[in-house]
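Following this message is one structure expressed as structure tokens.
Chain nomenclature is as follows: A, B, C, D, E and F, assigned in order of appearance, with residue numbering initiated at 1 for each chain independently.
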Amino acid sequence: MKNIPIPDRIDRADNEPRELSITPNFLAHADGSVLICCGQTKVICTATIDENVPAFLKNQGRGWVTAEYGMLPASANGRMRREAAAGKQSGRTQEIQRLIGRSLRAVVDMEKLGSRQILIDCDVIQADGGTRTASISGAFVALSLAVNQLLARGVISENPIREAVAAISVGILNDRLLLDLDYPEDSACDADINVVMTASQQLVEIQGTAEGATFSMQQLNELISLAQKGIEQILAAQQQALADN
Amino acid sequence: MKNIPIPDRIDRADNEPRELSITPNFLAHADGSVLICCGQTKVICTATIDENVPAFLKNQGRGWVTAEYGMLPASANGRMRREAAAGKQSGRTQEIQRLIGRSLRAVVDMEKLGSRQILIDCDVIQADGGTRTASISGAFVALSLAVNQLLARGVISENPIREAVAAISVGILNDRLLLDLDYPEDSACDADINVVMTASQQLVEIQGTAEGATFSMQQLNELISLAQKGIEQILAAQQQALADN
Amino acid sequence: MKNIPIPDRIDRADNEPRELSITPNFLAHADGSVLICCGQTKVICTATIDENVPAFLKNQGRGWVTAEYGMLPASANGRMRREAAAGKQSGRTQEIQRLIGRSLRAVVDMEKLGSRQILIDCDVIQADGGTRTASISGAFVALSLAVNQLLARGVISENPIREAVAAISVGILNDRLLLDLDYPEDSACDADINVVMTASQQLVEIQGTAEGATFSMQQLNELISLAQKGIEQILAAQQQALADN
Amino acid sequence: MKNIPIPDRIDRADNEPRELSITPNFLAHADGSVLICCGQTKVICTATIDENVPAFLKNQGRGWVTAEYGMLPASANGRMRREAAAGKQSGRTQEIQRLIGRSLRAVVDMEKLGSRQILIDCDVIQADGGTRTASISGAFVALSLAVNQLLARGVISENPIREAVAAISVGILNDRLLLDLDYPEDSACDADINVVMTASQQLVEIQGTAEGATFSMQQLNELISLAQKGIEQILAAQQQALADN
Amino acid sequence: MKNIPIPDRIDRADNEPRELSITPNFLAHADGSVLICCGQTKVICTATIDENVPAFLKNQGRGWVTAEYGMLPASANGRMRREAAAGKQSGRTQEIQRLIGRSLRAVVDMEKLGSRQILIDCDVIQADGGTRTASISGAFVALSLAVNQLLARGVISENPIREAVAAISVGILNDRLLLDLDYPEDSACDADINVVMTASQQLVEIQGTAEGATFSMQQLNELISLAQKGIEQILAAQQQALADN
Amino acid sequence: MKNIPIPDRIDRADNEPRELSITPNFLAHADGSVLICCGQTKVICTATIDENVPAFLKNQGRGWVTAEYGMLPASANGRMRREAAAGKQSGRTQEIQRLIGRSLRAVVDMEKLGSRQILIDCDVIQADGGTRTASISGAFVALSLAVNQLLARGVISENPIREAVAAISVGILNDRLLLDLDYPEDSACDADINVVMTASQQLVEIQGTAEGATFSMQQLNELISLAQKGIEQILAAQQQALADN
């Protein structure tokens, strides 16, 4: 255990998520876009419709959803090197963008999407923990907005999105079970788990990592239950954002 | 001449700039940050203080200001390839970030800044022409905010910023002289000039380019006069943003 | 569900792992090395002691364990492009090598390791599913062999390895729960989970992914129990290999 | 102002350019080639006809002119790193080659050139200031030689070159206005401007930069007039080289 | 001369090669594969049939053979940086893989191979000198196994392999002429020559290098005769491996 | 055998080299420089003194000589891609520059050179076969000029160059033995050998390659004798160039 003294939460209970807002149509040019704010974490998520498909899907009548992720150099404490200047994306970046893509693909019917792909971009403009889960939750709304355009334009006739998907982090910090970690909590915690779940409470992805201390099966179950509670709130906010739009 | 039919401006005269807003302290972690909006063009500019200097300035007691520039992939019409994924910055990107750096260095006294550098990041989140000039105008405010921190903390005793600097574009479109081009105008115009000017009306940078048609000395002078008018308004907005802060 | 017709297992039950062998000291020059074979999957794992530490650990008296992963181009069906020739490691490669490093670090006391790092290399020479979990299980033995050298040479006085760690995959295929998937099963399954667990049955990493179909909490628990059974057998084989040595 | 003591010019007045020579057909294999020497600055410029066009011009019946620029590692004082070994072209290199390309395109009628491109290479073998302007002036002759081949072979029937183009630098050094700066002058000067102008005295590009001190509109006009005088001499030398050929 | 004290050979005479073994069909998925062991040097060589040809051979009815080479990071004493992580292959790697490709192409009739290529991979898992010559000798067997598959499947009707090819190193060490250098000998020797020769005793490649001391024509001839003796033994082992298969 | 009809030589016998010229001090800034012309092949060779040594020679009192090689994009028939733009040096380029470096190091006493390195650059401005051998022969003169400067400045007291070195190619073309191949001959020949030899007729490097047809030991000896004759003439031209200087 790291035993870093992290103070008790002041403005929320351990099992409460941070304040959440989702602003649809945040950018003028993308086919779908949102600004999602989870506490101090702010991510711009966009969806771009591309009538081409990757090479491995040519002539199959099926679509694809893929994602890219980035952080503004000054989005976090202590400027990070710009990946475009470094000439490559870090392992962390690639891991996150692969996770976002898989999470969204799990709720999309690729036959109904037809022979086109939707390119998701998640760009963190301010980071305070949970950027990958915020990206997934926000990207789902951007994806939905783009799909709504395809439906409205009559390009596709059936909605390829089977159900909503959202994500949140949970962690163990000195035996406390915490929902929706901010950056100081995330850095100090013994184990943290990112949970991606659908509206029907099925798991899509679960990534649990213990750098400091390991965790038991019982803790895993308690953490996932905690995550489920947080995800319900995000799913509601997603629906609200889509309804407002 | 390209003779592309660009309609007359509806909401402003040819010699009027676009609506401008500068929001200081837009991000939580950077030493200085603004969101600058010039019409539909929106750029996040940040300044990060770095107590190291580049190798060529080691042990000289002098500082440096340098800049990087990027665009979110979905910031413009038609998603661009993410430069971090492509593995390199385009020639255009490098040209722009070099211009931003030079423009700011022209108004900073490096001896007074002392042995440290200020790293500027300009990230375009929405693009509608004039992203490089908006970046310069916004970056000056971010730089000033970071310098104010150094002064407030007593790290430096004298303000190294000699005077304000701002930038705007002007162009010739079918014999009309236009101030502050938006993207359709910029794409259609015969020649366009980016002008970087100080509060004392001295030129810092002037970059005039004629892909379609060439331009005369007289036109150059008229265009620079037009730019000067626009820059005065930007300088006022910069001062207002710094005063509000 | 994908409903790809995968035949029943002939030579083992659904809850049985593949045949496992771990050959210690497989290479002459590395400080620790093994060849691990899980069915047709074969990975060379090596551990190299490096008396330097990464920059972020300078002068802290603490050590580090990090890992790299690769596949011979002809290790799998259909030659893959050599990553050294392509000029970069794929996202998948980076994701796997980060997982291996985290898994091993979870059981190492970095203070006891002292100011040095151990570099793990996992190179797949033949691939038939489960290369990342085989890499973790084999790398633990290579790491132990290298640590034993440090102890034998008197470089460190206390064993920094707290307990053993091993990994295995489990998956859901047409409602069957399968332990230790081979490649055809892995490609066809609806969801698969990689479980990294210690000798004391604590979880280190859990990565569950549903590209085809999502999975419930109950399925997750059944799968992890299945994995635990397989990991016990691997832990025994690791101890045997270390004892033989 | 930098106030570096640069001695007065000995062999020429402040408003005189350096000795200029243009040797046509300097290389055996290129479609057009020259060696241009401006004082101690020596650049090999070549033009290669390529019957392909860039992707964005496919099937439009229009051509293109593009340029690349490089310096031999030992061309300047103090060997520079070879860009091919470094694995990328510097920002400065990209900025210069984009400038050369734009300058030449401004005088070429792309419809008359037809569906082909001309690739310009400017390689500096000895550098003493003004390599980008020498490259433009020399490249125009190489381009003309290649175009003459197209005309002679009957591939095109009308000359696509509308008029000649040339370039020179001017600068302010301790209040002196200097034409055609050599390297010590260029390094010391307060502001320098590269002027690209056509035979009809129209401006194509103007790039003015003040790193040390800013400059006024009046100075800008005086400097451009000075440049115009120098460019007239270069235009004459270009015509002579083409006539000799 | 380096005069590094290298002890006399204990287990073999100066004109004897190291123990050699060639294990055919070492990997399950490649079209041809061997493990070749020359003393402590161990290389996995594979051959993959690819029904595409390089661009320069399109529509010519002729085939190609090309090779790639790599070393596991921990294959030699002192871990080397992984080339995939470094982002490029070293000059040494490229030189070796070009040599392997040329050596094999010299004995293949490309018309008889038809419009397809065979991709050779040589991956050193343990290095003790002579990895490039072992790679050539092993790759010939892997290539033959792949060709045999093409013949067995009736894809081609005539064997495109004209004759066998093998390679070995020879060197001068303190006036001793040595056959088949191991790593300590290779590092210490004054000159070393890699000889690639066919079954009909014709030379395919000869690469002689003197970093320490130069060598005479007479020495060259003696060394090549020595190499010829070693190559005869390798050719026999190759035939045995193919016959066993 | 390729049997490409290459006409008999008109202006020289099969055993005669091409016309050779070596112009010392070709560039103003390098510590040593030449332009070497072998027939239509023209290479600029420079030597730059660098008071730093590579990491592996730190604090050993010994020096180093290393080389880089490049070709202007338009130096050969059909423009090649610029390696700096491609972002990497080809395998051929790396092979050649490694050869040049080794060839020069073979005649330099690194203790006498002292703790510094000499960086050689060979840049082909016009290519007609034999660029690597011309580079070696020219680079030796550039190296000697730089060493002479070190001696003249009293930086070193003894000449570290033990003897001269030069290189030439020989080849077999339809049973004719040819000295100093031009490009059409080099492309057509059955085997070609690059020979690097010292003034005392010792071999430094020999690289023989048979893509088309193999060659016998007897042919090898005849070719090396032919090369020796050509190298004598180059050695004389080198001495003349150094004496003229």
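The working rule: contacts are C-beta pairs under 8 Å (C-beta built on N, C-alpha and C of every residue); 3 or more make two chains touch, one makes a residue touch a chain.
Note that the structure is predicted; figures quoted are calculated from it, not measured.
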Option reproducing the contacts of B-D, where over half of them reappear, out of C-E, A-B or A-C: A-C
Chain whose mean Cα position lies farthest from chain D: C
Centroid spacing, where centroids are CA-atom means, of chain D and chain F in whole angstrom: 33
Chain B-chain F separation of Cα centroids, rounded to whole Å: 50
Sequence positions of chain D contacting 2 or more other chains: 87-88
Round-the-ring chain order [start: chain E; next: chain F]: E, F, D, B, A, C
Interface residues, chain F side, partner chain D - complex: 27-30, 33, 40, 44, 46, 48, 50, 68, 70, 72-79, 82-89, 93, 119, 121, 123, 125-128
Parts of chain E lying in touch with chain F, wherever the complex brings them together: 88, 91-92, 94-95, 97-98, 102, 105-106, 193, 198, 200-211, 214-217, 220-221, 224
